[in-house]
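Please go over the structures that come below.
Consider the two complexes below, in which subunit A is the common component and subunit B and subunit C are the respective partners.
Our next item is the complex of A and B:
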C-alpha cells in the first residue's frame, strides 16, 4: 500500500531521494495541518452543537435528527473526500456536481436493464473516467484545472441531459439501498476509510501533499507529479460518482438536475475543514467535519425558526469567518 | 516544441473543421420561405422545459415552422445572448420563457430593436401587452401560479388538514413567490395553520428531502399533518423523507403535474398537482406565428388555468399529457390558418382539443 504510486523515469525530475519527502521540513517540504488548525473545525462543530443543544436540545439532540444529519452530510462528504485530494494537490475540481449527476443517471439507467451491481459499477466507472479526462487534460496537456473542470462541469451536465432526455429515472433495488440506512452509512464509511488510508497511509497521499506544497520542488525530488495529479483527479471523479449513486438512492430517482451546485457545497466542506485552496495541507477527516458543519448549521437554524433569507446570510458569513480563522498565514504570500 | 506545436495545430485544425462543418449543416438546412421561430428556454435540464420545448416543436411542425431551441441554463445573461444569436441567425420570431421576470424587458428590447416578433411563455416578461402597441410583441401565455398555489391549500383543507408546513423556490423568482402567496392566502382563508417559516429555496428533490428532514426535527411526531411544495421536484424529495421517517400519513400537495408527480398521485402519496401548463410555450408559438402573419390575437395576455390533477383524473391526465404530447392542432388554433379560430382557444383541456 505504501508503494502504491511508483514514479516513472519520464515523470521524475532530477535528483531523487524519497526519504527527503518524508521529512516535514518547512517551508518547502510537504506540510501537515498544525494541531491548532486541525482542532479549529472540530471546535467549531462542537460549538455549534453546544449552542443548538442549549437552545433547542429536545428537538436537535435526538437520534432521529442525528440520523438525518448523517444522511444529509453523506453525499457532500463523499464528494468532498475526493475533492480534498485535488485541492491538497493545489488544483480544483469544479465538475464534481455534474459528474455526480451524470454517474447517478448512468447508474440508474444501467441498473434498470442489468441489475443494481452493474449499475453501481458503471456509475463509479463513469465518475472515474470523467476524473481521468480532467486529470489528463490538466496534468499532461497543462490546461489549468479551473478551466478543465469548468468545461467538464458543462460537458457532464450536458451528457446527463442527452442520455436521460431530461427525464428522471427511477432508482430501486440495491441501488436505492445505497441511499438509506444502513447502505448510506456503509457507503459513507467505506469512502471515508479508503480516502483516509489513501491520504495518510500511502506514498500517493504523501506525494499529493508534497505537490500541493511545492510542485516544482516535488518534481525535482523525483515525485511523479503528472501521474499523482491524474490519480488525484481520478479519485475525485470516482468519489463524485459514488456520491451521485448514493444521491440517486437517497431520492429514489436520478434526475438531470441532480446535485446542482454540489461543487460549491463540496468546496465549502473542504475549506471549512481547514484545507486551504492553495493546497499542500489538509485531510479527509477535516472535510467530514466541514460537511457536518454545513448540515448542522442549516438544521439548527431551521429548528430555531430563523428566516430562510437570514439563514443564507449566516451560512455565508460563517464560511468566510471559518476560512479567516483557519487560514494558514504562512502561505498568505501566494494566496490570490 | 515543434511536436507540441504541430499537435496543437492538428487539434486546432480538427476543431475548426468540426466548427465549419457544424455551421454549414446549420445554414444548409434552412430553406427558402420556411418561417423560423426561436425558442429560448431557461433550462432544458428541467423536465418541465424539455416537455415545453418538445410541444413547441410539435406546434411548429404542424404550422410548417422550423423551431430552433436554445438553452440558457438558468442564466439571464446566457438567455439574452441566445435571443441575440437567434436574431443574428435570421429567426422570424422568438418565444422565450424568461429565466427571471427581470430579464424579460431586456429580451423584448432586443426583439424590438431587431424588428422581430416575440412572445413570452410560462412567466410574465415584466411588460404588459396593453402597455405596448408595437407590432413586435405577440404577448404572453402563462400559468395561473397564484391559483395553482391556492389549489394546493384547498385540496389539503378538503382532505382534513389542520397544520401544514410549506416550502417554495428561490426568493425573487416570480413563479415561486406567486405560488407561495396563493397558497398562503388560501390556507389562511381555510383556517390552516402554517407551522414555522416556509423554507426557501427548495426546488430540487435533494433540497426537498433536506428541508423536510429539518421540518421533522423542528416539529417531531410530526406535529404537522400536511406539506405543501411549490413544485413536484421538491415534493418528491419530501415524500422520500416522510416515508423514511414513517410519516406516510402526512398529506402532500404540489404543482406541475410532471411524470414524477403523476406517479406520486397514483401511489397515493400526493393529493394534487395542478398540471398541463407546459404547453404554454407551444401556445405562445402559435401567437407569435399569427402575429408574424399579420393576425395578432386580440387577447395578448393569456393566463392558463391548469388542470387540477388528482387521483380521480390522474389516469386520463397521464394518457393525454405525460405518455405523449397533448394532441392539439395548431392549424385549427392559429388565427392565420383558421380565421374562425376561437379567441379563447389557447387553454388546457382534457379530451378533444381545437
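Our next item is the complex of A and C:
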C-alpha cells in the first residue's frame, strides 16, 4: 500500500500550486488565522487588563499592585523561559518545580557558609546539572522526556529533603535581595534577555526550533540533534535553578516544599503564551505573556473577591479554552 | 481441506470477482483510471498475478478490493453478488482477506492475540473467549504454513519474515474466498518464499482466488496462472502467466516520453575530475558489492524496483547509514562519514524521497528551512545575528522560482513542487560537490518538474556531480549520462546515454 499512501500527500500540492499561480498574493483563510492566533495571547492579556480596569480599576490599576504582579509573575516566568526551550524542541520538562526547590535549598545552605555569591552560583550549577542529567537520559539514552523528568521531579524533591535534613534554611543578605525589588527585576530581566538572545540570536535557538519542527529533517540537514536537545534541558534546569534562588529570596526562607506544583504553572505559562506542546514554534516572550496572564487573572479574581476554589476552576477552564481557541488542528492528525 | 470449506457457494459458476471501470483518484493523481468498459475477472482456484512498474496502481487496486480505500467510480462483484466494501472489516466478512506490504501485526500482542484483532473470537463459548482453545486453534492454523512459530510468542519478537508468515496464516485461517497478497518476496528469504508458494498453491487447489503482486517475473512464472499488466493506473492486458519475459516487459513500459521535459542532447558527458568513488560497498540485507565512479558534471542515474537497495545506498553515501564493507572516496580523500553532518561538511548533499518527513520542516519559515544546513558557517561563537538571512533566502526563492508570499511563509501552505524546490534550495546556499537526488520530482506537477530538470542540468554544467535515484524510468533515461541498475541489492547493468537505452531494457534488468 506504500504507493497509495504516498500519493495522497504528494498531490495535495498540485492543486494548491495552481491556486497559488492564479492569485499569487491573496491571503488564504489558514494564513490569516495563523497570524491572528499568534497575537491571541497578547490580545487575551490586554483584554483581561481592560476588564479588570473597568471592574475594579481603583484597586487593580495601581503602581503597588503592578509591582506586586511583576514580582508574583517572575518566578513562574523565569522557570517558564527555560521550559520554553525544551517544549519548542518537542520534549517536556516536568522536573522544573523540584529542581527549583533543590537549587534554592542548596543556594541558601551554601550562602550561609560561603556567602551569597557562591550560594547563587552553586544553586544555578545544581539546576544546570539536573538539566544535564535529564538531557543526557532523554537525548542520548532515549528515555522519553516525560518519564525522565517525572523521575527527576521525584529525585530532586527527595534530594532537597536529604540535603536539608527536612529543615528550612533562612535566606539573608544578597541572596535574599534576589527576591525583592530591585534584585527580582534584575533577575527577571537578565533571565529574559539571556533566554531571548539564546532563542533568537544563536544557532542553538534556531536548531531547537528545527528539531521541534521535525527531528529527522534536522538531522539530515546537519543539525547536531542530540547535543542541542541536551543543551535545551540544561537551559531549562539552569533557569529553574535561578527561579528557585529568586523564590528563596522572595520567601526569605528555603524549604523542602518550595515550588511544589510550579512545573504545572510553568507549563501553563508556556502554553497560554501560545507555544504548542508539539514543538517547533513559539518564543520566550510568549511565555512572559503567559506568565502574566496567569498572575493577572488570579490577581483580578482576588480583587473581585472570587472564592479561591472558584479561582482554580476558572484558571483550569481558561487554560483549556486558550488551547482550544489557538490550536491549529489542521496539522495534527492524532491528539494524545 | 476441501473446496467447500471455503465460503464459496457451491454449484455456481460465477467467477470469484469481476471488477469494472474502477477509478480511484487522489487530489491531483489518478491512482486507478480504468475506462468504463474495462473489466477484470478473477477466477476461482487460480493465482492471478499483478505486474507493473512502481506507481502502476497495483497496490491501489488491492486496497480498493480489500476495502482500504473507497472507489471514486466503478463497480465490483464478488461471487456474482454486488460488492462495495466500506472498510477492511466489511471486506473480511465478505470473505476477502489481504496481506499488506507493510507489517500488519501489533508487536506488543502475542501471535494468538493478533489473530483475534478485529475478527471476532477464534474459539469461544457463549461469547467468552477461551484462551487455551484459541492458542490451540491458532497453533493449528500456523501448522500449515509456519509450524516453527508458537502462538504465544509476542509478534514483536518475531523476525520480519515470520511476521509476514503469521499474517498469511491469519488470512488463510479465516477461509477467504479471495486472498490478496501484496509484494511479500521483498521481505521473505528463499526458504520462506517456498513456504509461501506452497501455501498459495494449496489454497488455489482448494478453490480460493488469489491475487498476487510481485515485482519479479520469475515469481509470476513460478506461482501464477494468469497475469495482468498494469501501467499508469490502467489495465494493459491479461495473459497466461507463462508468457515470455520480453512480451511482459514490453507491456509494462512503452509510453510516450515528453522529450522536451528532459535533456535534449544525446551525447554522454564523461565528466571531469573524479568526485565520488565507491568500491565494493556492502550493507547486509540492503545492497552488496557496489562499485562505481562519479565525475564532476556527470549525472549518474540509479534505477531499480522498490526495495532494490538504492535508497540505503544513497543514505550510506550521505552518512545516514554505515556500510558493513567496502569504501567510499570523495575527490581525492577517503570518506567514511560518521553522520550527515560530516557528509555535508565534505560537500555531499542529499534530497530524500520523503519530502514532507525528511526534506522540509512544514511549520518552519522558508527562510529558516533554506538556511538550516549552513547556519553554522554564518555564525560566530554560536551567535547568529542573521543579517544576511533575508538576502540569501530571497536570492534562492528567485533563483529557483519558489512560488510563495515571501521568505517568512511556511512550506505547509505550498504545493509539492515548491516544497521540493525548498529542499533543493537549502543545499544550494553553499553549493555541494556531490548532490544525491532521490525521486526529486515525485508527485509534482509538470511545470515544476521541468523547472527542476533545468536546474539539475544547470548544476551539472556548473560541475556538480549528480547521483539521480529515481523510480521513474523516463526521468532516468531523460536525464542521466549513465544509468546503473540495481536488482535485489546487486548491480546488474550499466547503461550509457550514447547507446540510447530503452525502458524495456532497464526494466528487464530490474525484474
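The rule we apply is simple: the second predicted complex is superposed on the first by the 297 of 336 C-alpha atoms of A that agree within 3 Å, B and C clash if a C-alpha of one lies under 4 Å from a C-alpha of the other, contacts with A are read in each partner's own complex, and residues count from 1 in each chain.
Quick note on the criterion: a residue touches a chain if its C-beta (ideal position, glycine included) is under 8 Å from a C-beta of that chain, and two chains touch if they have at least 3 such contacts.
Worth saying up front: this structure is predicted, and the values here are computed from it rather than measured.
After overlaying the two complexes on the shared chain, residue contacts for A:269 are found with neither subunit B nor subunit C. In the superposition on chain A, A:291 makes contact with neither subunit B nor subunit C. By the document's definition of touching, neither partner reaches A:230: not subunit B, not subunit C. Residue contacts after overlaying the shared chain place A:238 against neither subunit B nor subunit C. When the shared chain is aligned, subunit B comes close enough to touch A:308, but subunit C does not. Contacts of A:210 after superposition on the shared chain: subunit C is touched, whereas subunit B is not. More subunit A residues lie in contact with C than with the other chain of the pair subunit B and subunit C.
Shared-chain residue A:167: touches subunit B; no touch with subunit C.
Counting contacts as defined above, no subunit A residue meets subunit B in one complex and subunit C in the other. Considering their complex, residues 1-4, 6-18, 20-21, 24-25, 27-28, 30-31, 34, 201-207, 209-210, 213-214, 216-224, 280-281, 331 of subunit A touch subunit C.
Of all the residues in subunit C, the ones that touch subunit A in their complex are 26-29, 31, 54-55, 57-60, 62-63, 68-69, 100-102, 182, 306, 318, 320, 339-341, 344-345, 350, 352, 356-364, 368, 371-373, 375-376, 379, 382-386, 403-405, 409-410, 412-419, 426, 442-445, 447-448.
Here subunit B touches subunit A in the complex through residues 43-47, 49-50, 171, 196-201, 204-206, 209-211, 213-218, 220, 233, 236-237, 240-241, 244-245, 259-260, going by the rule given at the top.
Considering their complex, residues 59-60, 62, 64-65, 68, 71-72, 75, 157, 160-161, 165-168, 180, 247, 250-253, 255-260, 295, 298-299, 302-303, 305, 307-309 of subunit A touch subunit B.
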